[in-house]
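As structure tokens, here come the structures.
What follows is subunit A paired twice: with subunit B in the first complex and subunit C in the second.
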Partner chain A sequence: MPKYGMVIDLDKCYGCRACMVACKIENNTPEGHFWMYTFRLEEGEYPNAKTTFLPRPCMHCEDAPCVRVCPVEARYKEDTGQTSMDWDKCIGCRYCEIACPYGVNYFNWEDPKKIQYVDGGDPDLQAVTEGARPPYANPDLDGRYGEKNAHVAGGNHLKSVVGKCTFCIHRTEKGLDPACVANCPAFAMHFGDLDDPESNVSQLLQEQVGFRLLEETNTNPRVHYIGGSPPSTDAHQIEAVKGKE
Partner chain B sequence: MRVSRRTVLKGGGVLGAGLFVTRFLPGMPGGGSGGPAEELAELAQLNEEFVPTTCWIGKQDCGIIARKVNGRLVKLEGNPEHPRNRGRLCPKGQGQIQAIYDPNRVKTPLVRTNEKGVTGTWRQATWDEALTMVADKIKEIPEDDRKKYLLWQKGRSKAGDFYDDAFVKASGATKMGHGAYCSDAGYRAMELTTGLHGVLHPDFRHTRYLLSYGWDGMNGGGNKTCQITWHQQLIEARERGLKMVHIDPSRRSAGPFADEWLPIKPGTDMAFFLALANVLIENEYVDTEYLTKHSNAVSLVKADGTFLTETRTVTIENDDGEEEEEEVQIEQVWDAASGGAVAIDADRVQPALEGSYTAGGVSVKTAFEVFKEHVASATPEWAADICDLKAEDIRTVAMEMGEAAMIGSTIVMDGITLPYRPVGIMGYHVTQQELGFQACRAAALVMMLLGTIEAVGGQRTDYTWKVYKNWEPFGDISVKDGPYNMYLKGSKFFPINSANPSIAAHAMLDPDKYELEAVPKVMIIHMANPVISFPNQKTIMDSYELFEFIAVIDPWLSETADLFADVVLPAATIEKYEGPMSANTQYVDAKTLRVPPMDPLFDSRGDIDIYLDLCEKAGILDKYLDVVNSELKLEDNPLPLTERPEVRDIFDRWAKQQGLEGVEFFEQQGVWQKGDVPASKFYGYAQDPPFDGNRHRFYGESLLRAQNDMKELGAGEIFWRLYTPYPTWMTATLEGSPPEYDLYLISRKLIEFKQARSTFIPVLNELAPKQFMEMNPQAAKDRGLDDGDEAWVESQNALTGETRTVKTNVSYLETIRPDTVCLPHHYGFFTNPITKDQGPTSNTLFFSGEGYVTNTADQSFHVKVKVYRA
Partner chain C sequence: MATITAQGRRIDVSAGLVAWLGVLAALIVLGFVNFIRQTVDGHHLTGLTDANPWGLYLSGYVFFVGISAGATIIGLLIHGFGRKDYAPLGTRALLVGLLSLVGAVLFIAVDVGSIPRMLRLPFLWRNETSMFTYTSATYYLFGLLLAVELFLALKITRGQASSTEKSLTKWLAIAIVPFALIIVEAPHGGIFAVVKAREFWNSPLLPPHFVSAALLSATAVMVLVGAATSAATGRRIVGRETLSHMGILLAFFIALSAFFDFFDFIVFSYSDTITGNTAWHFLSSDHLPVSIVHVGGYILALSILLFKRGRETPWLTVAAAVALIAVAAYRYNLTIVGQAPPLLPFLDEAKYAPTWVELSITAGIVAFMLLGYSVLTRVLPMEEPDRTLSENETAP
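On to the complex of A and B.
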């Protein structure tokens, strides 16, 4: 069984945010929810200021605080390393959101189908899409995945549950990379089996010293960064997206 | 025809196997433990198919694989076989599925029911009625008058053979370029200087030292390529060790990819490049062989600035095929062997590159000698003062470039020994400013000194080697007396001309001043939105009130349509056949077509269908098809001229003409691979003779002669002052604004947007929903402005005194000069509900017309402004 992880090369990332959009179209997440979020950061003062970029998916921590606090075992670790969220079981207590130091959880305050980007209810559109919401709704997300064979994919299901990055479990089970990785225009993102020393991700981590976010919290994230450096405490966001200021 | 999974597998998985494996049962649990039976049964019924097509947003036409489930389009992913995007899409490409399904698209043809100039009210019309209305307007204008009265304005439309060529020729219209935020000044400068069609970019695979000039660095992409080829090539170049020095008032656009940043003062680039030339000459970083053999730097210049020439009688064939004798002037050089002036093409001539001579009693200097004197005072200290940079930084860049150019070195490419000069400049939109044409020429002159033009690793302009049609005419720029056509072609005001709506608007509003032959009456606008995308917005809008009839072909109700259209014809988005399109990356060649992944939504039609129907109704279908036949070179199987063809059939004939089995080749494979571009098609140096024997115009003598003609015909100094043979530093017109306009306003493109069609994509709108003004925090605080505060921005036209004002929000940015603010493009839309309240277009503030543009008659994105709390 592979143990998946991600390696993001900050020397290549140019902050285009295509990963964010690829994630949203693939996972049908509603407006305002960014399971993948790319920070555009600035630090220093003119003229000695610099710009950096930092894509941030769920870290799929090995010692995930969100899993520890979930009262109903809706949040759990897959044997493939992913941190899954069973939306059939979630009671919407949002403990996971509070426990997570990375801010990757999004609570569905509204029925996500009602805050999709395109009005799928338009009658002329319905004639073509048969009422799918969004019109490009991905049917794969209705399937059951992972070791518990549960509803853990996608972000367009229920009000009052929490959603987050799944490492695109509906794709990884088909042998595909997560949507963000598969689409990165800069080839900055890599996905693979961290337990296999021959895998692309293991090789990259052997070649370069990487870092992980908030190592001090001992969450043991499965997302590694190479190139660049951890954002300093001086770093602040530019071009922040609403809800992510 | 659709490509179902079944046919793909049968075809051997040619479409990139990774996309097609184990997808027949999407969502099938990997562990095989089984879910509820009904769920599985439902999933098993999912019929998945993949249609290769091309992106419809930017200029690159990236390859797409459209995923459909049960006939419904669910995702657009990159086509791994497409060399330009290699399986990846930018945020616009990913997000455009929302545009396809946008219920705010124009669903049926519309006819206006209220007066123009205000928000439109509309009634739905049939295609027959709407097309007839447009066709009748064309027919009303006598054929011979259509050049004067019928204007066809294109945007980023994607099948030039069918639109720019066939429709324009068949209808007799005057065409205006899309040019919105483009780089016409750079194009014209390079066409004049080296004869190549493009602006400035490096030979990414071999360049070692890159001057990134302007905001294109890692932002919207640049010359020739944009998202995402540009970035992929630059990232790979940096991995190979390329050093990138970024010259721009803001560092934002180069991000972490700038190894060094020189925050130059806006509009002073020409001085910077002249100083580089000064240092390179002083330190003998000069490729004398290139300049002597392949440029006119050896030509002898008289005291009046024109060349010393000899008259030669040549025999030419006239239009009737008869031989005629004509006298031509041949430039002379100083022949070191004979010690006299001889023709530049004389046998065994050994031209002197430097020196002052007397030839036939006339004092002459080589053009290079003139240049040395021209830049002698352009020291780094001089430029540092103008550009607000440190002299030592300018000197360091020059010395590093000189060293990196490895003058004299060669490399073998495809068996051909070629000069190796791994230094280049990239610059594109930055040339859109008053001094931009000459600043681009100054950059090119620096590259010429180093001999990097078309050398391996050196300065590139076009994708492949091809001398552009403007090379010859720009050697003898035509300056005519009035009256002039609607965009002042060949005029004493703008003899070099880019057919831009900004200038046409000025000319229409003051036809006497600009000696206009006629104010146009009918306009057809295809995929353009000039009211938003051209400066100055008010000038454009005032001029559009003068049109008697405007038809708009667009999937959305553009702001231009909303205010001024009589008829709107709804075009399809990606769901149509269109092309053929290049998929060339400059290193790899390929061709592609847009294939519809679904039928046109609502009552929209593919653009080519619209033109075919329109031409049929206007009685010009035969002419239209005749041009299509010739543009597509359908020699073996031309379209019959009497019958309205199906669009798919046209592309079928074209594909067969290429030796392919037919249009199904593209329907199944998406991309026609043509392989690596060989050195012989790539490098000008690899031609025999090099550069096709052309001598590049180091000295722009034709510019000086144009200036003389302009003066003679009575054009004012503001028009001719930048028509100088060498780029000559002068204070830009905008500096004449009163001192309270104490900031420079510049603009840039965001990665999220390109063309209005991307602004209407909701997810992109969410990423960048509102106009913002990037401002240095210290400069903002000095004006009492906090991050996010509302502020007024007021621009001032230094010539006319006009002011323009918009309100926007301050956005702190440390990586921008304190005397500069930046308002990105692609805002100011209001007809689509998602763009409501998104704030102003920067084009409200930028001015067009003389003083703000020179040399090319297009547009400028530099102006002085003041900023104060709202």
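On to the complex of A and C.
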């Protein structure tokens, strides 16, 4: 059984956010929810200022704090190392959001369909969109995936449950890369079996010294960064993408 | 004034009582309507966000679980330490404990996304490593123990209890204290303390801090219960010496909680981490009014209680009310400020302010508890008739 992980080459990433767009289209995530988010950061002062980029999917931690605190085991680890969220079990307590040090969880504060299928309150448009599957909705997400054959991938996003990056489990089960990896124009993102020394991700980690976010929290993330360094303490976000206000 | 009969007891129904119950009923209806709105439309009607996912409901939850657990101390005073002068408060304390537990569970119920799924905890669905699983299991047991103890206490006040039942009541009252404080209340501190991502909470001192705050809030509530009962019935239900003793207890628990708070504040004011700095910044800026109510409340209540007159009515009642509000401010600050520091160092601080929907639902739950107390203390026998003290009588 492979143990999936991701390697992100920060030296190659130029912050185009195509990964964010690919994730939204692939996973049909509600407005304001970014299962993949690329931070654009500014560090230092003029004339020594620089801009860096930091793509942040779910870290699919080996010792995931969200899995430990979820009271109903809605959050669990797959044999493949992915951290899954069973939407049919989530009680919406948001303890996973509290426990996650990376802020990758998104609670559906309202019915995703209301804010996802934007009709602007136009009664003519509402008549068309009511009950219809939007053309961009991915039917693959309606399936059941993972070792528990559970509702983990998206599809009809539910109100009052927590969603997050699945490493595109509906794609990885077919041998495909996650959408963010497949659509990165800079080839900055790599996906594969971290337990296989011959895999592309293992090779990259053997070639370059990488880092993982917030190592001090001992969560053992399965997302590694190479070609850069962790954001400095004076880094601040620029050009933030915000959700619905 | 009208009189009705319920459970074989004559109940005087004054205009004031009707107005009081009417206000509580109106608050319950308003809260329920907004709860339905929140259920149908979603929690976006609250001020909660993904950056600050816990708010007023969670604060209310930990506040009332604290009162519920702390209220058991009255039984220990009566049966463990032989303070029979507390007996008139014994049954009331159990009722307060039970109603507070119900209120706390209601706060969790309005906070979660799905109540039917929540009710599967911990019997059908459970994760043994989650503090929520553990605490949900303890509610059932604690609620059962409180209900049995209340049932037996009511039999005693009716004069229908056998000697075995009296003995059982005594040992249950003694055993329920460590159960409430160690098995029920301390793990509520654990819910926060185990979260490594939130440095403000991630401390082994939080569970004992929760216990001291629970004892403080429950003692304050029982002082207020005594005062309110005396005012409502026009007779003193506990003597001056008992009140003074409660004042000393209250002062001790305030001092103990303030001790924990003092070192919390010191640690964060000296912190060189973003979390510590942000927490301190929040406590002393955005949350300054709440911090003042919290810290200032302790100082004011303690100052009143240091004087002998402060441990007599009406000052004792004032000190108890101030201390109770201070604990509520502590619970609120703890919940909200703990989430304020950014998870990743380059993010902004999380901001939160409760909406009117949250405030009205919170008011509705509190009104539900008060209504339950107001009705049940009139319907059920709360004390043995010969325990009632006259206005000038002091306790033994």
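In this text, the second predicted complex is superposed on the first by the 222 of 245 C-alpha atoms of A that agree within 3 Å, B and C clash if a C-alpha of one lies under 4 Å from a C-alpha of the other, contacts with A are read in each partner's own complex, and residues count from 1 in each chain.
Criterion: a contact is a pair of C-beta atoms (placed from the backbone, for glycine too) under 8 Å apart; a residue touches a chain by one contact, two chains touch by 3 or more.
The structure displayed is predicted, hence computed values, not measured ones.
Steric overlap between subunit B and subunit C is absent once the structures are superposed on subunit A; the two fit side by side. Contact with subunit C, but none with subunit B, is seen for A:Arg68 once the two complexes are overlaid on the shared chain. After overlaying the two complexes on the shared chain, residue contacts for A:Glu130 are found with subunit B alone; subunit C is out of touch. Subunit A has more of its residues touched by B than by the other of subunit B and subunit C.
In the superposed model, A:Val21 lies in contact with subunit B only, and not with subunit C.
Shared-chain residue A:Arg94: touches subunit C; no touch with subunit B.
Superposition on the shared chain A places subunit B and subunit C such that, viewed from the Cα centre of subunit A, they span 130 degrees in steps of 10.
Contacts of A:Pro47 after superposition: subunit B is touched, whereas subunit C is not reached. Of the two partner chains placed by superposition, only subunit C is touched by A:Asp111; subunit B is not.
Superposed on chain A, the gap between subunit B and subunit C at their nearest CA atoms measures out to 13 angstrom in whole units. On the subunit A side of its complex with subunit B, the touching residues are 10-12, 14-18, 20-22, 24-26, 31-32, 42-47, 49-53, 117-120, 122, 124-125, 128-130, 132, 134-147, 149, 153, 170, 173-176, 182-187, 228, 238-239, 241-242. Only residues 18, 21-23, 26-31, 33-35, 39, 43, 46, 69-70, 72-78, 85, 87-91, 93-95, 97-98, 101-103, 107, 218, 227-228, 231-232, 235, 238, 251-252, 254-257, 261, 263, 598, 601-602, 751-752, 762-764, 766-769, 776, 778, 811-818 of subunit B touch subunit A when the two sit together in their complex. Only residues 41-44, 46, 48-51, 53-54, 108, 111-114, 117-118, 120-122, 125-127, 129-133, 136, 191, 194-198, 274, 339, 343-348 of subunit C touch subunit A when the two sit together in their complex.
Residue ranges of subunit A in contact with subunit C, taken from their complex: 39, 41, 65, 68-73, 89-95, 97-103, 105-111, 159-161, 213-214, 217-218, 231, 233, 235-237.
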